[in-house]
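Look for subunit A in each of the two complexes below; its partner is subunit B in the first and subunit C in the second.
Let's turn to the complex of A and B:
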């Protein structure tokens, strides 16, 4: 490696020159980091940035690149050792002859369903899926325990996810603090919202807008808490709305069930005789329903007349139920397919013995020294692999979900914005204010989409190990795409309200999803025997037998004994009972602490109020004293102070200039109008007494 | 499959309770279309799968329910009008006039306006200013008490009667109407309401021709109040013509109707950019309709600074 580096850099520098070079490089780096704050025009900044970057890269790389090359080499070596022998060396890792023709067929690859066909092509036999991994116990010179690591990684990711979610929830709960934030709401907002350190007009405008928004939220909350309508009509309408939502959920569940049954029928008949639509029916229907039913729920919830935050929670709960119902219907259908594959496996096992017998038919007896018959790995018949099938289904689901999201974004947001913008000049009604207008950014829907995407990853990660990596890629792309879409095509929601009282609502939902999505995976691990011919657990009767095996062979005997004692039900059950009691105890103590906290706050408020009263009394006394004094001690330096005093007492002789104290042009609540950043000045607020508006 | 269709029909029955019949008709049609599509598709294997088409049903329902008022408006303003145009030989304005003639008390502007409102909400739809927005206009008029008022687009004369009713003594209203037939009907209604030529003068000509000649032909020096309710695309050129003619003075009020639906975006853009006006938008609903949002723009001319 040293020679390689030497080859690249033929010139040799003296120490002084090196020193100077290093100084210059440091200077350039500093320039890059401070470039943003410099008051130069953009073009100059970009040019300087580019030049500096080039300079730094050219002269800094001398040592750095060599180091990174070494590291890379080590990494590759480790990979080789860990991942076992590469493609083509064993039957499991090669494409069977029958599929070889299909796998590289470009017509197949360039079909619109290129991704789905890829899955049935080379990718099936790649690192992406369960079937690639060998069941050999120890691999390479490091004696890497592949099956054990596979199992532990799968279980460990779930445990780690639980820990992270609960830790985040605990942290958020601490920040919340609890307590009574409801007294003197408007007074607090009125007197403490402004930030007196603001010197920039733009910042001042933004601050003004945010304070106005928070006032509006508070007013809305007050209004909602004081409404009292006809209770019976409201209740009836709410029951009706729930009934409609249930109908919709039932309908969607039935539709998915129907479609999955149909796809099983298609699979039995053979997939080639059906169009692309019919092959991908299940995923498309699931994605479409997941996209359109929430909109219907939103419209139905207009019947219920709840406070916006409560309506949002109901909406999220319903979307939750929808996604969960769809997902579980899908999983139940998947179970049927798994059973089918297992039956196929039994049949194949039988055929395998017959085939092997026929191979050795022509050879001589046991004592002969004829060379063993070599069979190309691609010719050995392969057993069906239900785990890979499950992994494939999940990858297909996630890909179709991603595609649906992007296409809906492009059509529903971008295309709509383009049409509204450019057709508005020649359309009879105002497209921006009226019918299509720009789409609103739906915070809750997006968050829920992310949460469910994560749930699907958790579900499928055990059978498609590279799924999280794919998802990270997808999330990166999504982030940039949605960032752009929000800035370019969306307008904020019309109704002003705080979306969540605390952050823990979404984290709690994430926790529930984590639980519900790891449940099927754990069920399959524990109940269904692994395939005999593929995966790291092939040949075992249950997947978790690998732990037993490891305990027996890799650890000393006493460890196994200790473990068997520890996992005795007689020990485990009392331990669980103790944990439950500890949880109950902690819960009750935390409640009492919260109560004590609240009382302390109240006490603090009363004390501060009394102190304030005393202080104002003292001030009044002082001013009345000073008032008599200033007549005597009337010096020019204190005239200003005296003016302030008089203003304070309500007798203001001189007017404070209006420009210093009046707020900027009032911003009304947002009229559905052009996009922000588009030469649009906000309209003043409406339906107030006209005279108060005129400056 | 049949269970699903039954559920759908339950949903429809409920929407019948909630919303009016017309929307229900639309929903029924949509559902029938969908079901025929589903039933017919399995026969043809090359078409898009019926299940995927059915998955679009929530979207269709959402669309229909969210924009139900627009569908109702379309039904009333277009379909019912076409139907009556075919069955009776009269135009919509003539039908309105017949109704007002038979049901209102002559000489009483209040009664004429109420009859108009009744006809527009129950029988057919005409785009008058309507009772809610009319109240806002009455309030503005009573605050400013203008002496010279210009109205662009009187159509049937509803808004003319409304303005004339709120005018102080000695004030004069000039009403401009482009269409001769409508102008004739408006004239009849104004005279029926009891306003003579002193109070209301009807000018039959397009607004862009009249405005430059107002000073010369009618001897107007200044307009205290202008009401715009004609074609929305003419709002901006007419406003600019008024500015150019010098008939607007400081404190003159311009009230423009329907700036949000159907909308006059060019007009609003001009108002915001020119900086000549203190402007405000009064939010209300479209006349004779509950769910469609609309607004009137009130401009107060400030003069060139």
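Let's turn to the complex of A and C:
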């Protein structure tokens, strides 16, 4: 029972005692609010709760009625809010099921020609593409600076993307404790593989089977890794595999180049004289390469005999290289087309002057008050707009990429599943267990696909402003389609290997892609002069001249001067140097902090272990000294092995609860284990004498 | 009731619902009125036959850990405590502590080799050979034993389990 320290008459207390009392009351309140998270048996928790409530209610009055009650309520609410929050709760995401396949694919495939005609015919002049936008400097009564806004939005999207990616990477790096997801492989399999939510005997059977298989696989892998392989053969095979992969990459690059050249030839001859395939050859070839080469890489990597995670990283790296190579070949080909268009433009400009002259020739006389010639806008010859052409090419690429994905999904997953399921009845070997069986859901491949899709959007967004909107639509459709496909036709991967310890592997890839995709767009903005008659920058010598123009006309004169000083290379270069040095400095300090952190963790562990040992020694001493005390301590109340950091009764500081089922004598000659109570407070608090013992 | 709310992660409604579930296991034993705190204990067989637990290979250990008498016979308080710890709202450290106790078959505050072997055999329903079981247990001790005493203490276990990505989602019973 608590010691009653004559607190009946509050006015007798000195300020220090009052302060101490207040502290105690606060501690009790804190205890009450954290009670549910303590690893104590229920009986002990209820007892503690009752006692603490009594204590708080009794002495709260001494500290000032009403006010403390309110404070208590607020504090409890605050503490509840802080500590009652679910710790690491897992969101429950249920995947919605789409009922049937999106039949849109077939129709679109069939009418692909119609769609492309529509898109590139009428839509050419729509808001989807660059060519729609007028180059008027200010629009409407608000004087909206359209060209400036177009430019800034383009640049701003890229800057914002960089910011978001890097911020996510920083956040992931903070949460990641230090990717050691391979160091507890067996331990985690043993202690976290059984799903306690299982309530169905069939599911339980499946789970037992999968756990057993998983253990057997892990055992096999462990035995394999212990074997000493013939290192020379392995090395030779790896070199051979890399050589083959390089050949593949070179081959695919050349194929794309060849096909693009051919399509340029077709364009010169006039597109109508060629079949659908020949017209869309480039995109089809790129998509098909993207589909089949990764499978080829997978087969080749069987030669290499790597650990699955390493093999996965190599595979992802190669697919990355493949896509990058293809994309850049595509861009180079696009550059050729741009140059072609610009030459056309020159020719057209020449022709236009001749045409205009011919128009005036007929009506102009000496009399200069002739009525102005009205020419229907549609009759004026339009220059070839290379920017719109670029935008169109990207849209075409994305559309064909989407089509390929959907078709692969339907044939590779759905059709395969249907065949395996129904032909299994009349086939000689078990289709479900052996070849071809159901397809696995390839997480890393799909993530990579998403990343590359995003890269293409970044590349083309400046020239086809509605591309992101189209992509959002496409992503929604993809999500529902793939959700359905996963539920209906896929089996989970046999081995779930993460490509790296944290999500930062994919974010890093995204960052690289962001950089590489925005590079061509920036290059074209800076080097190539815009078309003379289409788009928001028409007529200027360079697209970024719009900034210069805005500075000169919309801002006061001194601003322009400041800006020109600030953009002086003499100022910019030292600034860049300073930033590089700052990055280096921050990098080195962060490394040293990480190191210090690790060391502190280790120290903490050793300190807590030492304290445990000391405490067990003290317990031993107490046992040997006060034999009768242990009899009181081993009362029926404390049969459980809950850790205790406060004694309810008895004079000893720490109770030693003996185990209920172990046979040893009540004196407890067994060595007590580490007191779990210590887990819940930092080490120094153990020295604090429990409240009830204070005199 | 208020006391129970402070001692578990459940709200008043959930506690009442759990009380109904407890009572449904043995209506003749459990009185409706709990104000005088009757000492009612449901035998392990009834607890172990609950749909949430009947397929769990560790159900006996779970009941033993949370029951007062250590035999698996649970009072209402034990029952609530058990589902509170196994619920979504319980923090990781609390779950790790009780998981350790569940897997400690001989109750010696350490996960020694025999505990690990028993755990593994329950997980695989004795399908692994003795050699394989021995190898896995050796690997586990290898991986997680930090103080090199050949067995896993609570700290070793906690250090290993808090890094596990699946721990919170698998060590969870919804009722």
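The criterion applied here is as follows: the second predicted complex is superposed on the first by the 434 of 695 C-alpha atoms of A that agree within 3 Å, B and C clash if a C-alpha of one lies under 4 Å from a C-alpha of the other, contacts with A are read in each partner's own complex, and residues count from 1 in each chain.
In this text, contacts are C-beta pairs under 8 Å (C-beta built on N, C-alpha and C of every residue); 3 or more make two chains touch, one makes a residue touch a chain.
Bear in mind that the values here come from a model prediction, so they are computed numbers and not experimental data.
**Student:** Touching A:219 in the superposition: subunit B (first), subunit C (second), both, neither?
**Tutor:** Second partner only.
**Student:** Does the superposition put A:511 against subunit B (first), subunit C (second), both, or neither?
**Tutor:** In the superposed model, A:511 contacts neither subunit B nor subunit C.
**Student:** According to the stated criteria, A:288 is in contact with first (subunit B), second (subunit C), both, or neither; which is it?
**Tutor:** So A:288 only meets subunit B here.
**Student:** Quick one: is A:201 in contact with subunit B, with subunit C, with both, or with neither? Answer first, second, both or neither.
**Tutor:** Touch partner of A:201: subunit C, not subunit B.
**Student:** For A:470, is the partner it touches subunit B (first), subunit C (second), both, or none of the two (neither)?
**Tutor:** neither
**Student:** Scan A:41 for contacts with subunit B and subunit C and give back first, second, both or neither.
**Tutor:** In the superposition, A:41 contacts subunit C only.
**Student:** Name the chain, either subunit B or subunit C, that contacts more residues of subunit A.
**Tutor:** Greater contact footprint in residues on subunit A: C.
**Student:** Please indicate which partner A:259 is in contact with in the superposed arrangement: first for subunit B, second for subunit C, both, or neither.
**Tutor:** After superposing on A, A:259 lies in contact with subunit B but is clear of subunit C.
**Student:** With the two structures laid over each other on chain A, which partner does A:250 touch: subunit B (first), subunit C (second), both, or neither?
**Tutor:** So A:250 only meets subunit B here.
**Student:** On subunit A, what residues does subunit B touch that subunit C touches as well?
**Tutor:** Comparing the two interfaces on subunit A, one with subunit B and one with subunit C, the shared residues are 680.
**Student:** Please give the residue numbers of subunit B that touch subunit A in the complex, ascending.
**Tutor:** Subunit B residues touching subunit A: 1, 3-4, 7-8, 10-11, 14, 18, 45-46, 48-49, 51-52, 54-59, 61-62, 65-67, 70, 140, 143, 260-265, 272, 278-283, 298, 300.
**Student:** Where on subunit C does subunit A make contact in their complex?
**Tutor:** Touch residues, subunit C against subunit A: 3-4, 6-9, 51-52, 54-58, 64, 68-70, 75, 77-78, 80-81, 84, 86, 88-94, 97-99, 101, 103, 106-110, 116, 119-120, 123-125, 127-128, 132, 135-136, 139-140, 143-144, 146-147, 153-155, 157-158, 160-161, 163-174.
**Student:** State the interface residues of subunit A toward subunit B in the complex, per the touch definition above.
**Tutor:** 240, 244, 247-248, 250-252, 254-255, 258-259, 262, 274-275, 277-278, 281, 284-285, 288-289, 292-293, 295-296, 298-300, 303, 424, 428-435, 671, 680-681, 683-684, 686-687, 690, 693-694
**Student:** State the interface residues of subunit A toward subunit C in the complex, per the touch definition above.
**Tutor:** 32-33, 35-39, 41-43, 45-46, 49-50, 84, 86-90, 177, 180-181, 183-188, 190-201, 203-204, 208, 211-212, 215-216, 218-219, 222, 605, 608-609, 639-641, 659-662, 670, 672-674, 676, 679-680
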